[in-house]
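One chain, subunit A, appears in both complexes that follow, with subunit B as partner in the first and subunit C in the second.
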Partner chain A sequence: MPASKAAHPEAMAPPTPGPTRTAPPMQPGSWKTSPRMKQYARFGLTGWIYLFASFAGIAIVWSLGSGPEAYARMQAILAHPLAVGFHLLALASVVFVLIRFFGLFPKAQPARIGPAKPPPQPVLKVMLYGVWIGIALVMAIVKAGGLF
Partner chain B sequence: MTTRRKFVVTRFDPDKDEVPKTQEYEIECQDDWKVLDAINFIKDEVDSTISHRWSCRMAVCGSCGMMVDGEPKLTCKTALDSYGDTVEIEPLANFPVVKDLVVELEGFMGKFQQVKPWIMNAKEEAEKKAASTMKEGTYRQSTEELMAFKQFSMCINCMLCYSACPVVSNEPDFLGPAAIALGHRYNMDTRDGGQDERNQIFREEGTVFSCSYANECSEVCPKGVDPAAAVNQAKFNAVIDWATGLVVSRPAAKGDE
Partner chain C sequence: MSQEHRLLKFEPLIWFLFGQGIMIGSILMTSWLLVVGILHPLGIVHPDALGYERALMLASNPIGSVIVFSILALPLWKGAHHVRHFFIDRGYAEYDGTIGALSYLVATLGSLLALVAVIRL
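And now, the complex of A and B:
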């Protein structure tokens, strides 16, 4: 079992210190090896990918405003294998986050919003995947020039 | 049938120790024992100086939560035969340790009080409902209304969810899974009239929006309460309540003059 790491020293501390000296709180030792926590850490790490993807998006828009030559240079950069690899990584991150989100979202639905009740969780999950696949299909058709 | 097992138990005496240390015990364990049976055996037969909490031995009182091989577990409900020859027993993670396997509870109790876990304005709500339904007498609650929150009322305050939560570990002000689930339980209760107050609390810093939905609280909950669901439903409700407040005027809260 890996050694436990210290938690925040004030974690779960009493509002006023008691008469007895206490040992500081520790994090669970299993966090470094637990598959669930590894998945949670991966989920958190995808934030870095979205950050860099945002920078790339800003750079593309910037190059669009800087004339055709700048945009052509940006296109060349985006065609570089490293850029393509990053975009594949971003795609994998989006799929990973969506699958995690679709797994957790249905149970987070309030039992009732006003008079309306949400559909049962399995139905909600099918609806989420349906919307996702539908949007992906429409986008693929648009990209292929099928609609416009 | 018995199996010889080694238990590595965290020890801490506030009068003697600067930091917690571990102590090893090797005992013969019966195959049908729970982890708590082994700790009780060590306490009774091997080393009476060990301190730990327990009471009911049937997963109701919530006293015997400890870390077993790094995972928060209700030790009276955790079968020993699912572990190897060596079992590590530690006090609940994310809590200050009072002695050995006993953790400080005051912080936990303080968080509970913050969500006002009681039915507020029950008399006024009952009168309102009686007036609208023309029924008098006992406040009636349908099965469907009960089922909206029953799951969240099954919490036994074992604190395993606090031990498993990465936000509790890093944000001392976070109300935490069980307290928010309890507040949400009362918000969902049709007899309660305190939703405005609790939703106001839930919109403050260190409450529902500090939750990053790791879902660990629900994974370790021994009673199937699913606190992560409660916390995230409470997020929705707090936002809807806020949005409703923008267009619908609210009655002044007690004390507002």
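And now, the complex of A and C:
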């Protein structure tokens, strides 16, 4: 039997280029208002809210480190309806982000992590929500004066 | 080397911080926003619960400092990454290098500011 040898890389190519079967990709003019893009935009907008909420938090902790008078002034600012409204919006953003993230996280797990298999998706989802609600509840009780 | 290529070098670190921000940052922020931002200012929680002395005691002990720093710094990375992707999704991908670099610069400066704020306590 004759020895095999490497074939030319284009050995199987047709002798003449064929017609293009698909049109060049075009972006529809309405892409910005499509439901999927609106959902991405809402998710992206939470980024702005997270940034503002973090800097507001830094200002609160900074005032705490500046003494009782600065902290009292900050408490007065926090009691303003606009500040309360912003924190309500930020809380809604956090809930929206975590619900979306917890929906995605179980699906994104690899089939195996070394010798271990991740738990079934519904179990993983229950675990994530359990951790979230548990930690939020304990920390809220501590901050509200129920513990320590 | 373009700005986008420079950012790609830091991609593992950026994704690590973004991942911690969206998961741990969001989980920790829930009670912060609820109590510090809503219930306490509305008077639903007793005023002494977050009075100066008690707030300082909670935030300045070693465990409290780590938690407060995480609440302040981690969401910045989630925010920066999503602001970057917000612009990409709205059709500004050609400016991604600049927008990405600015977003992460804000998150870096904010994290340093958060660290100083916690150390001052």
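Here is the rule we use: the second predicted complex is superposed on the first by the 116 of 148 C-alpha atoms of A that agree within 3 Å, B and C clash if a C-alpha of one lies under 4 Å from a C-alpha of the other, contacts with A are read in each partner's own complex, and residues count from 1 in each chain.
We take it that contacts are C-beta pairs under 8 Å (C-beta built on N, C-alpha and C of every residue); 3 or more make two chains touch, one makes a residue touch a chain.
On a predicted model such as this, the values are computed, not experimentally measured, just so you know.
Between subunit B and subunit C, the partner in contact with more residues of subunit A is C. When both complexes are overlaid on chain A, the residue A:37 reaches subunit B and subunit C alike. By the touch criterion defined above, A:143 reaches subunit C but does not reach subunit B. Of the two partner chains, subunit C is the only one that A:50 touches; subunit B does not reach it.
Once the two complexes are overlaid on the shared chain, A:58 sits against subunit C while remaining clear of subunit B. Counting contacts as defined above, subunit A residues 37, 40, 44 meet subunit B in one complex and subunit C in the other.
The touching residues of subunit A, when paired with subunit C in their complex, are 32, 37, 40-41, 43-51, 53-58, 60-62, 64-66, 68, 71-72, 75, 78-79, 83-84, 86-88, 90-91, 94-95, 97-98, 101, 131-132, 135-137, 139-140, 142-145, 148.
The touching residues of subunit B, counted against subunit A in their complex, run 12, 14, 17, 19-20, 67, 69-72, 88, 90, 93-99, 103-104, 106-108, 110, 148-149, 162-164, 166, 168-172, 188, 212-216, 219, 226, 228-229, 232-233, 235-237, 240. Per the touch definition, subunit C reaches subunit A in the complex via residues 21-23, 25-42, 45-46, 48-50, 52, 54-56, 58-59, 67-68, 71-73, 75-76, 78-87, 89-91, 106-107, 110, 113-114, 117-118, 120-121.
Interface residues of subunit A facing subunit B in the complex, by the touch rule stated above, are 1-2, 4, 7-8, 10-16, 18, 20-31, 33-34, 36-37, 40, 44, 104, 107-113.
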